[in-house]
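Shared chain: chain A. Partners: chain B in the first complex, chain C in the second.
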Partner chain A sequence: MRPSRGFVVLTVLVFAGDLLAGSLEVIVKDDKGRPGSDAVAYAVAAGAASAAPKKQAVVDQRDKQFVPYVTAVQVGTAVIFPNSDNIRHHVYSFSPAKKFELPLYSGVPAEPVVFDKVGFITLGCNIHDWMIAYVAVLPTPYFQVTRQDGRAVLKDLPAGQYTVQVWHPALKGQPEALAQRIDVGGGTKSLLFTLPLKHDVRAKRAPGLTTGGYR
Partner chain B sequence: MLLTLLQCAIYLLVRQANRQHALAQIQSSLRTGARIFEKLIEQRDQQITTAAAILSRDHAFQEAFAGADQDRETTLSALASLRGRIRADAVLIASLDKELLFDTRRPQLHSVPFPFPKLIEKAETNDATYAFVVLDRELYAIAVAPLLAPDPIAWLCPMFRIDDDFAREIKVYTNLEITFLNGADLFGTTLPNRRAITQMLRNRVLPPKQVIDLRLVREIFVSYVVPLPGENARPIALLQRSLDKELAPYFRLERTYLGLALLGLAVSVILGVWIARGVSRPVLELASGAREIAAGNYNHRVKLKQEDEIGSLAASFNQMSAGLAERDRVRDLLGKVVSPAIASELLRKKVTLGGEQREVTVLFSDLRNFTRMSEALGPEEMLAILNHYFTRMAGIVEKHGGVVDKYVGDALMALFGAPVASADDADRALRAALEMCTALDELNQQWHRRGLPTVGIGIGINTGVVVAGNMGSEKRLNYTVIGDGVNLASRLEELTKTPDYESRVIVSGATLAKAKEKYRTRRLGEVAVKGKQIQTEIFALLG
Partner chain C sequence: MTLSIVLLILFSSFARAEWRFEGETGVVYNSNLSNSDRSADVRDDWAWRSDISAANGLQLTRDLRLNLGADMRGEVWDRFDAFNTIGPGASAGLRYRFGLGRQAPWVLLEDRFGYDRFHTAQSGYDNVLNFQTGIALSDRIALEGGYAFESFVSPNDFYDRQVHRGNARMVFDVTSSLQVTVGYTYREGDVISYAVPPRPDIARFSIEREDQDEFGQPLRTAYKLLGRTHALSFSIAYQLMKYASVQLGYEYAITTHDPLQYENHLVEANIAVAY
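Coming up: the complex of A and B.
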């Protein structure tokens, strides 16, 4: 389901009744026209001070997988990593924006992890190679992760100038390279992004006994 | 025939040589493939042993397995993660006292004796070890490495299933058919017919590391057995090449050669028959032509229109037939123009000018009153009567062995003693003269009845030495006789006109002297022959 090439991000500005606020619809496609899910679309207001972050976000572990695969949070958000499996997991990050480790544990950890630096964090499980997840720590409260159809909607944006960017786990290069400016006001606007993607080299979950063999 | 034998011999030799070469080739490639196979297995051994050693030092797993809060599920899931890293089909963990702790294939199974204790005993002396084992009716390659923390705390055993997929993968490198077996149990093969293999191997011990022939259904495989290091079994790898498939190009070559040989044979047979027909048919025709000629049918012609030697032979043959027919015609005509005796004498001898001296009895005859008779007749009727007369007279002359030398008007000259002499030539001439007279009487009676005038005859006969031979020019010549003897005969004939003699036949004394029989004669006296000094006695022949 994850796109393997580039995405095209189409941003449509939709106005609400209130002249001071608008909604932005983001459509992500790759260069072959396929919609891309799990992309983070976010709009950073020019000059304006950000609102206070939400209290908490959750990255769950179910059936030896992180859920959700991609999480977007405003900088300063505390994220909690409950373990819903009946086995232990060992969550860790070596990403510069947040290095942390939750050694083998079960249930809900006592303390959440506060992501206090903007950046993109990759999560892993030390004993399950295939477990992987991402946390996008953003300098703005206006963000959304694209759905299966490759669309995301940013709602209730106050009127003003925004820099709109898109990030994806397989994005080749930095999201700034694809940044687009847009004025959010009374009119309808749209933006289109094309995302080049890296080849996927991550560990796969081991196949069952029925397949494979001596190789 | 010789060509056929030669071709057969060449075919068989080539076939033999080809097959021996092919067999040697197959055996050689089988041994090469076997060496590659052994090398590959050795490499795999090192690879999975190394992999096991690396996995056994994985800290995250060590912590899951031997950390503060141990639980089976976490360890099993971490073990599955390790399995994924090296793509093993299963990973087992055995305790130091050879008890099975974990088995990714059967998560519930634990605290039972480890199935391959000897392997662990071996591993205790080495860092890691490797073997082929049978577990739950499947063949695995297994490596054993100590799980170090940092002292050994358990044995980590990744296992790799040996199945059809593995056999196919090895086949890519070795280009051999590969079958993994333990006794008659088959675990993996590149061959389609598993049942045939197991049936073939029932009650059969395969000698290791030898090239042997094995028959599977209808196909013969050149085979080679590589024993694999086992623990609880004696697994082998059966490496094979299909003899039939390997020989296929040789068989194709053989078939092509056979086809060419047969084609060549057919062509030579057809060509031979064609040539034989071309030769034998005209030869048979010529033979039948020759038989026709032998039977006297000179008009037979060989109908062959060929441009070759046979054709020219046929043409010559036809020319010969034509020549024979011509000769026959000439001989026939010659017999009519000259007397048959002269004709055959002419044909027998080379016809040249010149003659020989012979004693000949010459007979001259002439008609009396014929001039008067001819006046009463038309020219055609006269000729008819004359021919009738001559035919009769000539018949009498020939009957008595004489030869009609020539006809001069109504006169006839006959020879007795030339060209062929006989003892009674004089007698023959005399008898002929008498018969001629009798014959004329008969003719006269016929003519008289038809109202024609009758004629008389005068005959003169003399015997003397004359010159006989061909006379005339080179191109046209006659066989005749000349000499005084001839002239005398002619003179005697004329004397019959003398009324005093009253004789139709006058014979010289010489002829009567030669005659052996007695005749009634009357002496007429002596006459001086014209131009002759001597007198000749003459007689009238009466009977």
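Coming up: the complex of A and C.
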């Protein structure tokens, strides 16, 4: 049996798309030239509708810390917050993009939290003030969190034009101010972002001078 | 009483226990350990000071936390070993937060009861009832203030003391590793000041007096009197690692009961560990 003309055309287009898919390496540095880890690099395709989110994400609580410190998800993703410690935690967010509270609990909450609005969310634990983490809710499936070396590779980007932005928990200003446009085809391209960062003033776990926190 | 209640609740709450262990060790310098007004009578000294504690935190509701703890404190002075002390204590505290998160205002009501054992007649029971409150003005600046009533009861009545103390301080997070505080304390209550007799000017208004050899020769008289103290303090904590920090502190205190007036400079350096 001969394949139909439509099937042939579709097959050619799919393989052509794969052949043209490219990668984008994003290099993030702070304004002193040091590698910017825990930054979220994301690419938004010009004019293309985003695919539906594919999977759940997990923000664990281990040894009285959120793991990972920074999580990136596509808008609409359900995030579960298991508590792997043998004590209770109380997770909350005041961020406008997602206000929620998971009152004192152990184990895995019955329901995940669906992040249905684009934005950057700060998580805290009401019991352990030093516990802090971030969820970047993005309008695109193309994102990565930078490693210790300040690098992230966005793979399998279909050919086309993208606006690439980088967000960091300590970023001064908005990521749009540092946006860069790039055309992606076959192969790997590279972009450098230099981020102005605020001082990191996270609450400390080590004993400090305040009395109101853990006591 | 406090000790037995604390122990009872501690052992009955293992199932939901969240234990916290803390230790602190370091040195303290007091420029005027003898609380003397005349420079010839002033004796300064260094001490090694340590404090270990175990506390059990029970989150009773979203906003209310009960902390129960037991501790052991000790001081060993370089020259004047009459002031060496060691003693256990127990504490119970209720902290209420008006909302979620570390920036929510809070109040803390805490009582610590302990025994201070000296190898002299100074030994006795110490009780501190403390009310403290605080609010974060931003993610870097917090204000705290409070009132404490301290009562020390000794078999030798001369060492009985009652003190009222009010304090206010600002805590500033300079970086994620560095914290600085500036504080003021007003203290009113019994103090013991040592002077080489005769001192009719002090004897006239002192509540009690005893001849003591705690500072060697010449023998001094210890005068118990009501004093008012104004103290300014400055401290720094630097986080060395996840569970440990180094802390440095300085306090300038001036105590008066007209016409008596003396000053103390206190310097502290500690390593603190919490797990």
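One rule holds in what follows: the second predicted complex is superposed on the first by the 183 of 215 C-alpha atoms of A that agree within 3 Å, B and C clash if a C-alpha of one lies under 4 Å from a C-alpha of the other, contacts with A are read in each partner's own complex, and residues count from 1 in each chain.
In this text, contacts are C-beta pairs under 8 Å (C-beta built on N, C-alpha and C of every residue); 3 or more make two chains touch, one makes a residue touch a chain.
Worth saying up front: this structure is predicted, and the values here are computed from it rather than measured.
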Touch check for A:Asp129: first (chain B), second (chain C), both, or neither? both
If you count the residues of chain A that each partner touches, which comes out higher, chain B or chain C? C
Go through the superposed model and pick first if A:Lys189 touches only chain B, second if only chain C, both, or neither. neither
Which partner chains sit in contact with A:His168 here, chain B, chain C, both or neither? Use first/second/both/neither. neither
Applying the touch criterion given at the start, work out whether A:Arg151 contacts chain B, chain C, both or neither, answering first, second, both or neither. neither
Look at A:Leu104 in the shared chain and tell me whether it touches chain B only, chain C only, both, or neither; answer first, second, both or neither. both
Which holds for A:Lys29: it touches chain B only (first), chain C only (second), both, or neither? neither
When the two structures are overlaid on chain A, which partner does A:Asp200 contact: first (chain B), second (chain C), both, or neither? second
Please write out, lowest number first, the residues of chain A touched by both chain B and chain C across the two complexes. 87-88, 90, 103-104, 126-127, 129, 203-207, 209, 212-215
Residues of chain A defined as touching chain B within the complex: 64, 86-88, 90, 103-104, 126-130, 203-207, 209, 212-215
Could you list, by residue number, the parts of chain A that touch chain C in their complex? 87-88, 90, 92, 94, 101, 103-104, 124, 126-127, 129, 199-215
For a test of understanding, state which residues of chain C touch chain A in their complex under the given definition. 16, 18, 20, 22, 24, 57, 59, 62, 65, 67, 93, 95, 97, 100-102, 106, 108, 110, 132-134, 139-140, 142, 144, 171, 173-177, 179-181, 235, 237, 239-245, 247, 272-274
Could you list, by residue number, the parts of chain B that touch chain A in their complex? 44, 60-61, 63-64, 67, 69, 71, 73-74, 76-78, 80-81, 83-85, 87, 89-90, 104-105, 140-141, 160-163, 165-166, 169
